[in-house]
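Sharing a structure, written as structure tokens. Questions coming.
Chains: A, B, C and D, in written order; residue numbering restarts at 1 for each.
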Amino acid sequence: MKDFVESVELGVSQREGVNITQPKVWIKNELVRVGLAESLCTYVMMVFGLGSVAQVVTGEGAFGQYLSINLGFALGVAMGVHIGGKISGAHMNAAVSFTMCTFGRLAWKMFPVYVFSQLLGSFLAAGTIYAVYYEAIHDYCGGNLTVTGVKATAGIFATYPAPYLSLLGGFIDQVFGTAMLLLCLMALSDQKNKPAAVGGEPVAVGLLVLLIGISLGSNSGYAINPTRDIAPRVFTAIAGWGADVFRSGNGWWWVPLVAPPIGGVLGAGLYKALVEMHHQPLSEQGRGVMQESEEESTPLEKQKTICADVCV
Amino acid sequence: MKDFVESVELGVSQREGVNITQPKVWIKNELVRVGLAESLCTYVMMVFGLGSVAQVVTGEGAFGQYLSINLGFALGVAMGVHIGGKISGAHMNAAVSFTMCTFGRLAWKMFPVYVFSQLLGSFLAAGTIYAVYYEAIHDYCGGNLTVTGVKATAGIFATYPAPYLSLLGGFIDQVFGTAMLLLCLMALSDQKNKPAAVGGEPVAVGLLVLLIGISLGSNSGYAINPTRDIAPRVFTAIAGWGADVFRSGNGWWWVPLVAPPIGGVLGAGLYKALVEMHHQPLSEQGRGVMQESEEESTPLEKQKTICADVCV
Amino acid sequence: MKDFVESVELGVSQREGVNITQPKVWIKNELVRVGLAESLCTYVMMVFGLGSVAQVVTGEGAFGQYLSINLGFALGVAMGVHIGGKISGAHMNAAVSFTMCTFGRLAWKMFPVYVFSQLLGSFLAAGTIYAVYYEAIHDYCGGNLTVTGVKATAGIFATYPAPYLSLLGGFIDQVFGTAMLLLCLMALSDQKNKPAAVGGEPVAVGLLVLLIGISLGSNSGYAINPTRDIAPRVFTAIAGWGADVFRSGNGWWWVPLVAPPIGGVLGAGLYKALVEMHHQPLSEQGRGVMQESEEESTPLEKQKTICADVCV
Amino acid sequence: MKDFVESVELGVSQREGVNITQPKVWIKNELVRVGLAESLCTYVMMVFGLGSVAQVVTGEGAFGQYLSINLGFALGVAMGVHIGGKISGAHMNAAVSFTMCTFGRLAWKMFPVYVFSQLLGSFLAAGTIYAVYYEAIHDYCGGNLTVTGVKATAGIFATYPAPYLSLLGGFIDQVFGTAMLLLCLMALSDQKNKPAAVGGEPVAVGLLVLLIGISLGSNSGYAINPTRDIAPRVFTAIAGWGADVFRSGNGWWWVPLVAPPIGGVLGAGLYKALVEMHHQPLSEQGRGVMQESEEESTPLEKQKTICADVCV
């Protein structure tokens, strides 16, 4: 593994859209290195997120309530960003990766690497939480693993819609929730606007996920993430819950796969159209305005220098 | 939209009270640019805020409690500041804009632009939340959209006073709540005192809104914001709740319009009178005191340089 | 009020123990300036703190629970530090002022100014909250203002011990709670250890107050502050609750006056004895060690320069 | 105690793996200095943690719920890091010390000093909380100190497994919880990745502990710390709960002693294997890559300089 070491800078370059030609072996190693980090951060995020649901469900309210689940995923995402931040960007979400590719922040050839790594981390996390909470789950449901009913436990792993929700309503819910996620992520990382503080990005992204859970969570459990949802769903299908995990909610399973990437592009595009497009380009700034009011553009310049390598 | 680009610095100048004469077309473009940002950040704040109320009301406590609503508006405001911060200042509140104009931090000619943008964002957010929670709301109230009663849902969108509250009591409540908001906002952005950390302003303002919800919220739902309250109220009047949204609470609707601007000016004025007026002017500092104790004023100078472009 | 302006630097000097001789009129003005800031920050802290209790009590759980009160005082303290931080140090607590005087961080002659300002701010806050929640309180208790019983409301303003608590137990509780407050405050502001982040001090102090409420609050309501407790108690005695506010809890009222200053000195002294005394003096560091390992002491030096004017 | 002063830099050196030969007397003093700080920060963390449990148990829900306990330990850890951070590193946990020794971040000869200091602080904290909550505990349980049953109070001090949990399941739970703790701690302090913000480390570690309590706490109370668990357990055995504290949970007491060190090494090792090993060494960076893309490695270099003395 020692020969991965030399390809560190490549990841940074790619994320910033710079194209450096390098030996084939470096690219390959970079893929593994990024993939490992993306898998690990997704795994950590999912372990904490699913763990918080398991604790609320099996504890029947004695060990946390709905807010605990919001905090579990929020802080799980924050820890994930600490773990994968500088190496893979810690997407942990295929809709984020898809949006980044769409707007040129990630090479499309990296997309399958990200999706595979996220699926792997998410699947392993589902298995881990099942193992850690095995006795709790079986004690809670009497060994009867069901998708619906008062002692249903499939919701620990994947999302299911509220009884009143139509597929169309759920589709809109998932498109909109992911749009808000990506719209705010764009703002949090926009160095020409008011981005998250340097070093405070993980917590800022965590607070955003907390907010979505608090405000846009009750319709269908705010998956807003294809890879977060499908991998644990497949795990539960295998581990004993059966094909009901795909049938339940009028065949809900495909909605968190299809809707989030659409929403992500819409939300990020909206931020770009209404805010980012209207920032002054740095070349313009350097040429025209700074001659008129030099001292005012200095802080902006300085900030850019400080934050240039920050990528949420 | 490409020609908006050159007018970036104007917004910064205006906020700092510097008057730069520029071609008419720039001003016009600047208005649109600022208006777009102010609309978008108000929209995002309101979507998250109203969404959190919708979730608590329709979930009947299973998806959050009163604290969730406090967090929804608090973090919604924080995200709004991230989105509009450097472009429009992210007021998201006509009482804030009114106070900024009163104390010369915003040109009065910008006031209608801010108010219109806030109303637009707020109205669209109400419509969005009604669409996203359409099935949830109709499932909850059986399709019967009411302003009062056990299954009332108008409170998802606009504020209504507690049963015991008189109009005078409510007026005082709204004047005082907004006064505390602006008093603290002045402190959070006072670079000669102990302002919010650089990059931490959005969360600091969010914590302030959380605090007001926790401490000054139960009388009438802490609107403390005319544009936040009236736009969703008009939306509900149109969307099916009818004229009761204006009749309810003994004609409550005008209080969140009139009281907050008064409170805002009082609160900001109080901070100015008791604290800000007594700061040493920088010219004085530069001339007199620094000769006596040079090293002590250096940190203050440095801090000013670092934070000069921070405007909450 | 314009002539207060020139005395700005004096406050900074005094807090750092530097003794600069200046015209008598400046000293006098400085007292007023510091007093105004200390009154205002205490007022704001108390308004938010007492407001959160009023909301929980009169809302009977619908507008927050015990945690809301913890958050109300915690974030109220944070806002107070933003407001008074650079001018008075934002003690908002006579036990903090007493401890600072004891350890030479504040001149004893300033002590009465601080105590008077805190009492004034605290008393006015009690009056304000009574006005703002007047209808809520009277609706809740049917106009019958009592200190004990199921509809008691005196606890909105001052602290009262739990039924099981003896005066000795309560005395220990208040000494210990204040000791933990000052012990941690010393650490948060110790620039040679790991202090709160620059700009993050208000929130750090707020989290400390939140923690004390969560961990050391149930015995007697964690006054840990003489001026926070006695001023609202006197207000309630005058405003209609009568002399019971002094009789209740077996004459509890004097405990939050006497115990906190003792605890504060013990806690701060413990930190000094176990940690601060063993820091290397800067003169030593500059002379001896830096020659052996120069690069290691540089960060410490740099940190000192950055944080020199930070005083929680 | 004055002669401790000169050995300040030694602690820093040892934590960074630099070996400086110094007079025997300095080493000895350094041990005392580090031991005092480690005892004090463990004491403070445990006082706040145990206090929050005491408040929830004796208050029967009126003074906080499960989330309060999560917050009590989380913020207690944050305050502990502020107190011991620069002197001992504020491990407050023998599993953390064991892992640091395993990976060469702490000399093995320091291990007994850390463990003894942690045990001392933890034991004294248990005694303090018993004294402060003496009347509350005896009022709650009617003076009958029991380990099991509806009025059991032993759980205020040490952890006990859920009724459904086998020793194997609990062992896995404790290995895994501690693995997640150390995995994330490694990321939070990895200066080549996205570490906690400078000055924000205490809160970041606190959020991690909050997260573990929310996600991995219900099986057995997330001791994830041998010294946190055994010292209060011994205290309760002596103070009146008797030998049941060792018999309960099928002889649970040894699990929080043995499992956490194993988990800590596994978790930290996993982060090293998947992320840290693949960072580019600074020497490589300085030689090879910087010539190709100089400006890109500058932020990394700068960050290293700023954060070099930060050790969570």
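Everything below uses one rule, namely that a contact is a pair of C-beta atoms (placed from the backbone, for glycine too) under 8 Å apart; a residue touches a chain by one contact, two chains touch by 3 or more.
Source: prediction; values computed, not measured.
In the Cα superposition of chain A onto chain B, the rotation angle, rounded to steps of 5, is 90 degrees.
Mostly differing positions are employed by chain C and chain D in their mutual contact, as under half of the interface residue numbers are shared between these two copies.
Of all the chains, the one whose CA centre sits at the greatest distance from that of chain C is A. The centroid of the Cα atoms in chain A and the matching centroid in chain D are 29 Å apart. Between the Cα centres of chain A and chain C there is a gap of 41 Å. Multi-chain contact residues, meaning those touching two or more other chains, occur in chain A at positions 67, 197-198, 200. Within the complex formed with chain C, the chain D residues making contact are 1, 4-6, 8-9, 12-13, 16, 18, 20, 33, 36-37, 39-40, 44, 47-49, 51-52, 54-55, 58-59, 62-65, 67-68, 71-72, 75-76, 78-79, 81-87, 90, 128, 131-136, 138-139, 197-203, 306, 308-309.
Partner chain D is touched in their complex by these residues of chain C: 66-67, 162-166, 169, 172-173, 176, 180, 183-184, 187-188, 192-198, 200, 204, 207-208, 210-212, 214-219, 270-271, 273-275, 277-281, 284-285, 288-289, 292-293, 296-297, 299-300.
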